[in-house]
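As written, the chain order gives the labels A, B, C, D and E, with residue 1 at the start of each chain.
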């Protein structure tokens, strides 16, 4: 699991039907101090989050399908939480 | 999940039979602004897409098999959508 | 599996319910000599560990769900041990 | 899935029994133009291929076990096709 | 799957119980010529191997659990063979 920041949204009309039911977020990967690492991933908004918010992302298919309660969903990455704070010692 | 661009197609005659039923696309990985990152993957065209089109790719085996409706398919990467637009804030 | 060092904790109130039941640790990845590699991951504390402790982390979803005894948990990374020593020849 | 080139073979006598039934190929990873990327993987020859041949490799465990028709096989990477041509636009 | 070399062992007393039943090896990743790549992983010794030996490592959870014959084991990486030779053309 990793920390990301919502950078935007992706739109697709010709696609697998399950993708019509969820917002598809562009999420920048952050390091643990909150700085972007340069990478990103496309994640379904299982927890609602807006642009600029820091989020916890699960990048694993079987768990993602459990979150969506859809055992056939073609997904790998979902937003599972909004990050309130990261406390580093 | 990631954004890619169809760069071409791969042909194989000696192969696992399931691969005869689907086009095998060469997909360049793109960053979120649409620039190529230098990487690629080979993905089945579960959603039809032509050279130059931007696509959403799922890179995870169990979900890929669900998309193909074939629980025994030896696949990991499938095109699950054509990208209309990427809106970055 | 990899060796990490607990760097802190992440807090989230708006999230998938299972994440309320476990501490979410920020774990720095270490190389085998104990030096940080620059990477990190967010892992559930299936074994209790405090800041600064070296831990063994499992980064794989199906095994992580077994550790939590929750087949629906949206997780991928869990702390499965506290490292006493690493003996290199 | 990725394109590779068979570079050689690996031999092992003390091993998990399933590995006795398949050739273990050393496969160099290629980029989409056919140039080596510097990486490699060890893959079972589910489709027969000789040194120098370009192959399509599946790098995912559950699909690999389906190809071998052995649900308990400790494998992740298998050669699933010989590449005839890669057509880039 | 990849080729590695056993570099040492890791010890942990506070851990998930299944980890008490297996030696936890530190395995350096090798390239196909036998040179270290700088990476490592922690793997269970499903096949016995000593420091300095070259081994074949499976880095995939479901297959690893099959090797250990324990469907609940929190593991991802196991040593599945000792390498006798790598023949490159």
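Structural remarks
Here, a contact is a pair of C-beta atoms (placed from the backbone, for glycine too) under 8 Å apart; a residue touches a chain by one contact, two chains touch by 3 or more.
These numbers come from a predicted model, not from an experiment.
Within the contact network of the assembly, the step distance from chain D to chain E comes to 1.
Both chain C and chain D are touched by E.
Chain C and chain E touch with mostly distinct residues; of the residue numbers seen at this interface, under half occur in both copies. Summary of the copy comparison: rotating chain A onto chain D for the best CA superposition needs 145 degrees, to the nearest 5.
For the pair chain B and chain E, the distance between C-alpha centroids works out to 32 Å. Put simply, the C-alpha centre of chain B and that of chain D have 20 angstrom between them. Shared interface positions of chain E, i.e. residues touching 2 or more other chains, are given as 61-62. Contact topology of the protein chains: cyclic, one closed ring where each chain has exactly two touching partners.
Tracing the ring of inter-chain contacts outward from chain A, first into chain B, gives the chain sequence A, B, D, E, C.
Chain contact summary for the complex, chain E toward chain D: residues 1-3, 31-32, 46-48, 56, 58-64, 66-67, 78, 80-89. Interface of chain C with chain A (complex): residues 7-16, 19, 24, 26, 28, 40-43, 51-52, 60-62, 65, 71-77.
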